[in-house]
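Below you'll find a set of structures to go through.
One chain, chain A, links the two complexes that follow: it is found with chain B in the first and with chain C in the second.
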Partner chain A sequence: MSVGSSDGPLAAVRRPFEGPNTMGNSPAFWLGFAVAVVALAALPVLFGLYAAEVGAVFLAYALLGMSLAFIWGYCGILSFGQVAFFGVAGYAFGIVAINAATLTGLTLALLAAIAVSTAFAAALGYFMFYGGVRDVYVTILTLVVALVLYTFMGQTAGGEWAIGDARLGGFNGMSGVPDLAVGIGSTGVEIGLLGHYYVTLGALVATYLGLRALVNSQFGYAMVATREDEDRTAMFGYDTTFIKLVVFTIGGAIAGLGGVLFTTQNNYVDPSVFGITAAALPVVWASVGGRTSLIGTVGAALAIQFVDYRLALSGSEWALVLIGSLLMFVVLVMPEGVAPRLHEYIVEYREDADPSPAPQEPPAATEEVGD
Partner chain B sequence: MATSDPTVKTTPAVDETGDGSSRILQTRGLRKEFGGLTAIDDVDFALEQGELRCLIGPNGAGKSTFLNLLTGQLEPTAGEIYYDGTDITGLPSHERVDRGISMKFQVPSVYEGLTVAQNLRIPLQQIVEPDAFEDRTREILGRFDLLDQWETVAGALSHGQQQRLEIGMAMAMEPNLMLLDEPVAGLSVEETADIAELLREIADDDGVALIVIEHDIDFVETIADRVTVLDGGSIFREGSIEEIRTDPEVKRIYLGEDH
Partner chain C sequence: MTGTGLLNFGFEFVEIFAFIVLATVGLAVIFGMMGIINLAHGEFILVGAYATTFTFAAGLPLPLAMLSGVVLTAVYGLVLERLIIRHLYGRLLDSMVVTWGISLVMIQLTRIAFGNTAPGIGIPFGQLPVVDGPVYYLVLAVVAVGVLGGLYALFMWTDFGVRARATMQDESTARSMGVDTDRMYMSTFAIGSGLAGLAGALYAPVLTVTPEYGTGFLIEAFVAVVVGGASVLVGTVLASGLLGTVNAAVTNVAGTFMGQVAMLIAAIIAIRLMPDGITGLLADWRENRGESQ
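Now for the complex of A and B:
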């Protein structure tokens, strides 16, 4: 378990984010990561404001994807309803923000939305895990929760479905959701279009680093052990039910953060965020990118949503067919996903090139730059 | 209860039950029903500290059910379990483990996707500080003859190595009581002899009490202090291996004609 190499002061900075539970632990990986972040940061400069507007939506999706990779890839909880937390946070933000569109109000709306999605995940997780729901039944139950929300929000078109000034709007959705802003009283910042892009990118990078530190911590080992064999792990004195609840709740909070950023980017949210297509997307991203690779899932979310967007622009109906085919291809050819497979190749390549014990190597840095 | 091995804690707290014995484990009227079937039928069982007890009996006698009741994976229908003098009947598995009960499953259930060192880290991080992981891992792997397998993915180990790793992981928890379900099933003669020696060491040097479910009566003879025979969910006989081996009733229900 010799952790890390001893190259320079950067090694100490890297250490909390590295370990056997993440694939990219080499200087080359972090270099690729830095390049990818810089490339993403340069996107509005290179391609203009409209690219930032579209890009911010993809980045919010990437947060949603990462929340699933975290709970599924690292703790074995396949939630088919991550969009439930994503959408609930979007609606919660809208309801508070429309009623209190001041700096303080919008700040509260952000906090309230994440609190609501977190509490929702905690409550759902509590009843599932302490009720003994496991494996595929978790998948079914979470999907059902998303679909119930879809149906419920769809029938809120009437005028009686309003909370203060915020009309839920049924399938027409809730429009007029204000932009993000942070502050108290009259001091603070309203986050405009460009700002919103960078806030979303910052949230994505910070969440990624935070999750990397978490999965390489002692708790991360407990998560992985629970994924591998829950009964066995309980016999080492771990409260696996509680571990799953904590993981699921964190996943709900991250999906909720994504949902807020998604809703404030569009200034709009409608029940399709809970629909079956939306619910399937995070599972596709994580399957294709590799559920055990946070960055692989992020890369897949960005790449797939970009392709989907381009196809939709050209008036093509083929986007979903293509995504479906891609999923089938990856599941059949590399069931563990693109990034873990790439990682294997790189490890093999390095072992061939250098017979001394090979360090671990990055997945998907290039994949991410591709956007 | 002195030990020659500094890696493993000894001297479990003594429970003076009043009759001069030091019982680590005791069950009273323990009973488990599955629907209409009584798998465990009013079992009163007691185990001394540092004792190695083998649990034998025909298939369906309730041996594994009994262990699962002790670990908390099953809830008893009636009765109590006392460990180290306290009633642990209602406690979940992980709290029993915290108190020093450790279990090795029938099938080797190491974490097949993790390396040997990562496998050991799962129990180790429960009881030692991170900076001690490496030293403790080295000690345990040395003791269980797995030092050169440090970075091997556990799924790639041989059956016997997996059994040793799993016992090593159980010992990493520094237990006072270890429960093993058929630790030598499917092992070669040499591997079986290795495990027998290890288990005797764990009882004699580390002072850990063990309950071992086993079918192989020769193996039982090699390791057991005492033997309990279960039949139909109740204790049929209890005694030294000689008493059990020569008991005609035990022969009839279990050992077969050739013994």
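Now for the complex of A and C:
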């Protein structure tokens, strides 16, 4: 323990975000977290606007990855179709925004897009969990939903597939989606390139902290209990079906938020967001980073997409081969993912250095999380 | 409905039924036996298609080219099972994630090695009289029924089938009775892969072969497996029959796309009503009847 103690002035601020369900409850972790956020915030300053443009896309992907880590890692719902909510929100934003490109309209578009993806997740979740669909079937159904959307959006090339001024555009996608803006009437801000980067970063950090608070709350305990043993949790009187529905819906909302930020960054969305390759990416990030670690998934998303981007820039076609192999390697060699494994090492190291168990991180809780 | 209308519907049904059966059966064998949903199923189909196209382009007669597609895919599946899949038995979700990794790698490797197109094969046998469609679709239907019959015979009548079903029902008991369950899994996986290769080979003349070729089979295959449930043969037949009927009926009236949509809606309703698939419902029903007697 090199930095501070649990009685420091920041302890009270940290408390809602800490608990047995998250890794990294030490001052050292939060210091590292702050450094990482500052480094990300400094990225446009250091590398210019173009870096912000590319970086915002990665950050939007990180939100998508986090939505999967949340539902899979903390509630055991493996969804292969998180991209469905991501893409649906993107399309919904495009449709509203193209038809009403005013400040009010764009604000409404943002709200509508997140509402649509949330409602879509709630409907799908209700249908699955209250219909008794379980485990592998949930995974396959969510993937089928994404693939069906891919097929459906792909055949919307004709002129009859237009909602108002917004043409869905088939495989060519929907172009001319306006930038993000917030306001009513003539008062408000249009969010430009640099602004968009910071909005995305802010959304990511806020979502991260929000989810940490949630998983360490009473509800979070119930979520994890549902993941560990659904029948037993139900025996204790928890409505596990409802818990799964709520978790899945929140996951859909977060993926939708990511989708809006992704679409507004590119000013464009096409059916490939629903495709099988796109659908695999969140699974790769969560598996590699560690699905029980939100920050691990975010880190994996940023790192993998950065490498993917550099490879694409250099004209290499090997990115997907690399990503697929990485996925296989990680699941075979460290099924829990990189971040939980690292966390284990750190905890062991600290125990070696300090014979009395550290108060912030009881080893028993660590084992539960590492499951 | 007029005579030709009925014929058209019949032909449509036969075509779709054959497609769903052939697309599903390899996946269903592996799922029913080991509970693994092979996300690389589409790419096993791809192997079969590429092997067929390239051996055909090299001058092999079409039936032999297709056979080589089947054999190559089976061998390929065997190798993957030994190298990767066998480490994942009992880890359902992990096995799905890993097979997805395999799928990503294979699609991209195919693209790197062969580019975005492959040599085409003309549809053999020419056109049917009366109904608008190639004779080849009827051949496909015959093969589909033959595959189902062959699997039935294999699982019900042979020694191998008995061992395989024993492994499926209760692995530890089967092993204690002297069944080499590891080997059972290996051979079932190879059979499933070979059947996927067969689908790829048979549809190589009909569908354009590209690196994404396998993805075109996935929706039907996944939906049919989920609707069918864990019992391989009965599930596949009933699910393909149900989905094929809905698809063919609507396609006949409102076109291919609406047929697809109707099929998926039917699948969704079926899954809502029968979360364990058709065979899950049948098992429940049988149990209830047993109790009441």
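One rule holds in what follows: the second predicted complex is superposed on the first by the 353 of 371 C-alpha atoms of A that agree within 3 Å, B and C clash if a C-alpha of one lies under 4 Å from a C-alpha of the other, contacts with A are read in each partner's own complex, and residues count from 1 in each chain.
Here, contacts are C-beta pairs under 8 Å (C-beta built on N, C-alpha and C of every residue); 3 or more make two chains touch, one makes a residue touch a chain.
Keep in mind that this is a model prediction, so the values were computed, not measured.
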Using the touch criterion from the header, give the chain among chain B and chain C with more contacted residues in chain A. C
Contacts for A:Y238 in the overlay, against chain B (first) and chain C (second): which applies, first, second, both or neither? first
Which holds for A:Q218: it touches chain B only (first), chain C only (second), both, or neither? first
With both complexes superposed on chain A, which partner does A:G324 reach: first (chain B), second (chain C), both or neither? second
Would you sort A:G131 into first (chain B), second (chain C), both or neither based on which partner it touches? second
Is A:V57 touching the first partner chain B, the second partner chain C, both, or neither of them? neither
Considering only the touch criterion stated at the top, classify A:L311 as touching first (chain B), second (chain C), both, or neither. neither
Quick check for you: in the superposed arrangement, does A:D229 touch first (chain B), second (chain C), both or neither? first
Of all residues in chain A, which touch chain B in the complex? 1, 20, 218, 221-222, 224-225, 228-229, 231-240, 357
Residue positions on chain B within touch of chain A in the complex are 71, 73, 92-95, 97-98, 102-103, 105, 109, 111-115, 117-118, 121-123, 125-126, 130, 133-134, 137, 151, 169, 173
Chain C partner contacts - residues on chain A that touch it in the complex: 78, 80, 127, 131-137, 139-141, 143-144, 147-148, 151-152, 155, 276-277, 280, 283-284, 287, 317-321, 323-328, 331-332, 335
Partner chain A, residues of chain C touching it in the complex: 35, 37, 42, 84, 87-88, 91-94, 96-98, 100-109, 111-112, 215, 218-219, 222-223, 225-226, 257, 260-261, 264, 268, 271-273, 275-276
